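The two complexes that follow have chain A in common; it is paired with chain B in the first and with chain C in the second.
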Partner chain A sequence: MTSQDHLPPTRAEKRQAKRIKRFDNPWMNPKLIWGAALLLGIIAMGIIGRFVWDPDLVFTGSSMLRLPPVGFENLRGQAGSMANPLGTDGGGRDVLALIIIGAPNTLFVGLLASLIGMSIGIFLGFSAGFLGGRTDDIIRVSADVMITIPPLLILVVFQSAFGDVSLTMMALLIAGFVWQSPTRLIRAQVLSMKQSGYVQMAQLSGASTSHIMFREMMPNLVPYLFGSFIASVTTSIVTAVGLEVLGLGPQRIPTLGRTIYEAINAGALIQNLWWWWGIPTLLLAIIFIGLLLINLGLDEVSNPRLRRLS
Partner chain B sequence: MKLGRLLLATSAVALAATAALAQDVARENTVIFDLDRTIQDPENFNWMTPGTKRMHGAHQTMWEPLFILNYGTGEVDPWLATGFESNADSTEFTISLRDGVEWSDGEAFNADDVIFTTDIALTNEDISSREASTIKAQVASVEKIDDLTVKFTLNDPNPRFIVENFGVRIFGSFLIMPEHVWAGQDPATFAFNPPIGTGPYTFTSAASNRAIWDRNDDWWGAKTGFMDLPAPARVVFVETGGEESRAQLMAANQLDAAQNVTIGTFEAIQAQNPNVIAWYADYPYAAADPCARQLEINTTVAPWDNANMRKAVANIIDRTQIVNVAYEGTTAASQTMFAQYGSMSPFIDAVVEAGYGLPARADVAAGQALIEAEGWSKDGDFYTKDGETLSVQIHVNSASTEYTRTIDVIVEQLQRAGIDARAVPVENGVFWGEVLPFGAYEMSYSWLSCGSVNEPWASMGRYTVADVVPVGERSPGFNNTARWDGPAAESYSAIMEDIAARPLGDAEIPGLVAEAYAHLDAEMPFIPLVQAAKLLPMNETYWTGWPTADNYYNHPFFWWNHTHQIIHNLEPAGN
Partner chain C sequence: MTEKPVLTLKDLSIEFPTPQGVVQAVKALSLDIHKGRRVGFIGESGSGKTTTALAVMQMLAEPGRVAGGTIDLGGTNVLDLDEDQMRRTRLSRVAYIPQGAMNSLNPVMRVEPQMWDGIIAHEGKLDRAELKRRSDAALESVGLPQHTADLYPHELSGGMKQRVCIAMGIILNPELIIADEPTSALDVVTQRQVMQTLKAIQSEIGSGLMLIGHDMGLMAQTVDELAVLKDGELVEHGTVQQILEAPKHPYTRDLISSVPLVGGESFLNPDARAKAPERASAEPLLRFEDVRKNYGAVTALHPMSFTLQGDTPQIISIVGQSGSGKSTMGSIMLGFNPPSEGRVLFEGQDVARMSAAQSLDFRKNVQAVFQDPYACFNPFYRVNHALKFPFKQFGLAKSDAHTQTAMEEACDAVGLDPDLVLNRYPHQLSGGQRQRLIVARALMLSPKLLIADEPVSMVDASLRASILSNIYDLKDKYGISILYITHDLATAYHVSDYVMVLFKGHVVEAGPPKEVIGAPQHPYTKLLIDSIPWPDLHRSWGDGRQDWDPVKLEAEAAKARSIYRGIVPGFDLQEA
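Right after this comes the complex of A and B.
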């Protein structure tokens, strides 16, 4: 695909050169950047927000009830004010404070759950793929069995038994249900990689199992791992929000899902308190779009055929 | 909007299901009531055992009470009975039953049924409903004078015997069961399915989320001229879930009477459906509920077994904020444990004059001083002692926004004062079936001193030492679930025995109430919070004749046993 003679480069060749240069660093693709920017924006909002806004406004009774955002009126004809720029909910909680504290919390649960889930998945996936035999059988079968169990069902039971749970506890519970897919994916990659020359060479030269697994094979799996990680963050957040919307998450710690639960429970739709459920829903949408973009971006990193011509 | 659609779609599915079941009865002939809980055992109609056995329509349509207390007039209206007489010291009550009453299978209802059912309550150790426990505690013996006359002999004088047990004073009454069906059955395990009753409706079907009752056109009341047949051909009780679905169903005319909603939701329903009314035509819309709200405390669990710690919590709670945030100003802070009805004011005044009235606002510093005096010191946000953080879990029934929001407010107040409080929401059935009666909580939100509407004993008598049982055992009739015991509780119980024996209206009772209240104030086995108000939307699209302040034939709490009156008063609106 490179030019064979010494003529000055044609237009197509220039474009080709540009493209190659551009993909010198596949990590710098716009999808990845945009996705990361959205998520970092949410994190930044959580960090900066805590300094410029009063986080105590997330608690019941801290402001007047059902105030609309600035520039709107509620059913009673009250206008929004700068004291609560995004309005308040039916319990007098400030919506801006709710999202400043709640959105990072939602993200935190997703990240922590999939970090733990991925670590389990990497360990089990490598063990299964590399060691084979009985170990592989046990891990494969248990992952296959776990994959068929709908996590929400089990988690609903768990959470109702625990009553009030902390964010970390919730992340731990969810982590128990997001390790299967990474395990299978990594096992499959390891199995194919095991046949490749460099692994066999390493084996012949007497490298230890852990050296081969984590020093030789792992770096080649990084794009897959990232992709898998982002996918499980998405799954974890969906699960967490699902539980919260059912009212089963932490009780006093604000999360986006819990805010939506309270809105539904208190009749926010019929009262047209759109800011109460709408703003958290929008934030969730932003988180998911961010994760999707990162996932697409990582796909391009690991699969060069997806890279578009500019 | 996505959520809105989802909710509407869900409601539509629920409605389609209801519609499919109700296909043989037109909507305009059906009255649909809201049920605020899951029917845990829809195949079981043994009301003497725990569970949702009555408020899903059974005691509103199928089982009738002997009398009904009319909250408007204060009179006890006769229903299955025609009247009663008592002896001078209120130890013997003779009830006359109505002639011509029949069970829906055609058998006559008579004194044998009353005696049979009372005997079950007196002799069976395993049944546990509040009404059966009360009969057991009060009645020494029951005898048949003739087919329509029954005489009850009591252990102690009780001038309130009829209204308390047979008069639907609060929620239910001691329901009479048919001897010809129950005879030979074990009352603790009998499922009574199919159920029968004397009421104008018979059981058609039930699932965990709804129960359907159809009119019995052969009802005894119409035949004897006691009353006309009620207008609705079918009565449905359907579990609606949260406030949003309740409101949407109401706005869409798929519900005729809904459970409590917040005032904002009610205004929104009215804006969409002008046919929806409430007790008052204008603000505050809500009807006063005789069950004042309180924070229940399990006095056996440390550190809340210490009266000073309970008093500290009482000081930290700001009732005005609860009124403003959880009730949006539609109710008032409680001064005492009693419902603030006019008929209760002599007793409330006596307590307040004696200096035991509760403040409307908090005194956090005084509360914190009490906690510190018990050896707790503030470490960061919370109090700690011997490395342990001062914390409390408050169980709350998740069936209504009113309940959860009140506890949210209290949790914030306690948190700010240095107590790591947490709300534990529980489903309605679990809350009443497993948490409250067995003392499986530290604190919880409820109304277990409910009872008094015109005299003090019904409420105060629920906290005597006679009803103390260990945690894990069922409190008899939800009495003294606080498990309040000790010298103060014993002195209190002694005064209660004195009050119980006195006739209604005895001039010394207010003084005795104040004397007894000194113990409640010192020990705080529960913390009275606010008066209760129920904002119940009622829909006039298909039915008129709902109870309102202007049409006060009785109160509007349609999960009570008096709902027979409501159903008899309903008239088709002609839509």
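Right after this comes the complex of A and C.
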């Protein structure tokens, strides 16, 4: 026998021990923490920004037109100044103020839409899985049909009919297109859980249907619900930004998509006004990366097999 | 034995690093397997038997690793081989026959090309005729007809799939065959057939066999040498004869005595006969009126009528193979599954037509213990939720303190320490502990009828007897009538007052257990009893005969008329 058991731990073994410790608390997942930090950063920027910066600068003509960010020069040779650190757009609106107001708005539409969509999905998924029969048929078929309809197409028609809409109205409209996949997911889970031993045990214990749904099944669905929620936030934001970039979102409220729409409309791309469209795009990218990291992190939390020791 | 052994394990240690520290799965195991010998590895789940086998194949799951010792396979040190050499060693020198044959075959490929894959991987491209000749020979050697080669896995039965797996394993004439619980998913009749095949083929090619299992009876009928493992340690090793006749280690003695024998000594204590609780209604406890169940065009249960009076607590056993309709009967009694025809009456009330109050009363009085103790607890809650909730739901709890004492008493009654188990999460308890908790749960509710659907088939062998006696005690101490659904005739023989043997939804033989199981008359009952492996060396169970054909015997059984034996007061089965 070798005496390998008594050697002091090597660096590799120490690293292994550290990984094992991290393995112990699944919520201390680096991806999850980074993702949450990015999104919280956007929200914090929106809150703190309103105090340290003047939100009135989002209105047309509050500053000089097409000023570059600090440290750059625009085509007319004007240098950026601290009065508009991220420059101004073609209407003289301050880009920093635009993103302080606009980025949280974009996130808000996404969260609200998927919150509503998830609630509809949970309700319909449980009803379909639990009641079965005709109810199940109707819910399943309508969810399947809705999934095949491209949401942008319908929303373009809706929005052009409505004209100017509020953020909440837009979230409601989008919610009508993000309930299908949570419905299908929950229905499938409920169907398989209905056969599980502990649900049978609860039935034997004389539990009411609502007890079985919300006290026995729901807690075990939480990881799925979280994952599905994050996925539908992503879809909602993509849809919302898509509409805004087409110029169909709320007309008077600054959002990231609307800012990009205006930049494209004013020919910012060919006039080399990169800060006008570039900065909102960068923020959108940060939001999506944050959501993706949260989704990956949640995956590892709810599926221990993805967490590897080595 | 001067010849070099096929496999030599020397001081083999295997460990798994986990968040709670390093787990020693196998500790300093030394063992030889000689050419042509069959060595059984027996032990509970978690005793390291499969881990040892996987280490020989170099297929340990991450992050497990061999911490010390050597594995010598006929002169080659397996631990020194690199990935490619190991790949060439697998199958050609060591064959592995896995536990779940149903999942080991590729569902989209016919059997034949799957068998060729192994040959081609080891010997390169051969011409088709040669491949065909060899796969046909392998199939023939496991007693499968030639046309099996052209079938897809879903067209084969469980036993046939397992035999295909054996054929694939031996196609390159390996020096060592490792069979990891090859029959655990099969019923007894098929088990006997598969084990016979395995024994015959092994002696034909003269390789060593490492058989992993937990069933002492099966081991006694199959292997030459036994290695008893407990918590990763080899506690006893010797020939079957030595171990069965003079076990040295107390754990081995436990394992042997935990196998119930038909006609052997009972593992139950016969004292403490309690009276049934006073019953308010004169109606029989449970009554089946021409109950029939169809699943589509298939009839799972043919019309059946019986009456269980329930004035004296009794255990009625329903035995049969999988697919005999016994679990369907159980779910019909529980009201989970409405019968296609006929009525189920509980104390004169039709189970399908009950008001909410009656239904709650029915639920309180009819409880169940299911097969899978792992699924019966909601993973989200601590286990006491499963005990507390029904107690409160049925209005039995007077106060929280009362609930707590009731739970503790129930745990004590099934031999569990309440302080240790009640505040744990289900995954922290073993299968045996969980199943006892389910029994404790039923006990707290003091039902009139308990339906025990295969309550011990997923529990380690050494615990089966004690859980069954827990259930048996319920009958006597608390006066609960029990319907015991099982495939295990030996336990049914001991616990029950009346036995019904089900075959394809028909009752083929029924009566007191001493007559039905002790001296069976119906060919099907005989077939079942002949198939049970018992730790009795003088029985000709798996002697490698190929003429024992269960298919023919079953066909004969289907023609025979049902046989009704003696009558037991309190239970009345109507002859069909």
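Quick note on the criterion: the second predicted complex is superposed on the first by the 286 of 310 C-alpha atoms of A that agree within 3 Å, B and C clash if a C-alpha of one lies under 4 Å from a C-alpha of the other, contacts with A are read in each partner's own complex, and residues count from 1 in each chain.
In the analysis below, a contact is a pair of C-beta atoms (placed from the backbone, for glycine too) under 8 Å apart; a residue touches a chain by one contact, two chains touch by 3 or more.
The structure presented is a predicted model; accordingly, all values stated were derived computationally and were not measured.
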Q: Scan A:204 for contacts with chain B and chain C and give back first, second, both or neither.
A: second
Q: Could you say whether A:272 touches chain B, chain C, both of them, or neither, answering first, second, both or neither?
A: first
Q. Intersection of chain A residues contacting chain B with those contacting chain C?
A. none
(Q) Looking at the complex, which residues from chain C come into contact with chain A? (A) 11, 17-19, 62-63, 68, 334, 336, 359-360, 363-364, 367-368, 370, 372, 374-381, 386, 389-390, 393-394, 438, 441
Q: Mind listing the chain A positions that touch chain B in their complex?
A: 59-62, 65-66, 75-76, 90-92, 163-164, 247, 251-252, 260, 264-273, 277, 281
Q: Please give the residue numbers of chain A that touch chain C in the complex, ascending.
A: 1-2, 16, 20-21, 23-24, 196-198, 200-207, 216, 219-220, 308-310
Q: Would you mind writing out the residues of chain B in touch with chain A in their complex?
A: 2-4, 7, 242-244, 246-248, 251, 261-262, 264-265, 267-269, 271-272, 321, 324-325, 328, 393, 398, 401, 404-405, 408-409, 411-412, 415, 422-425
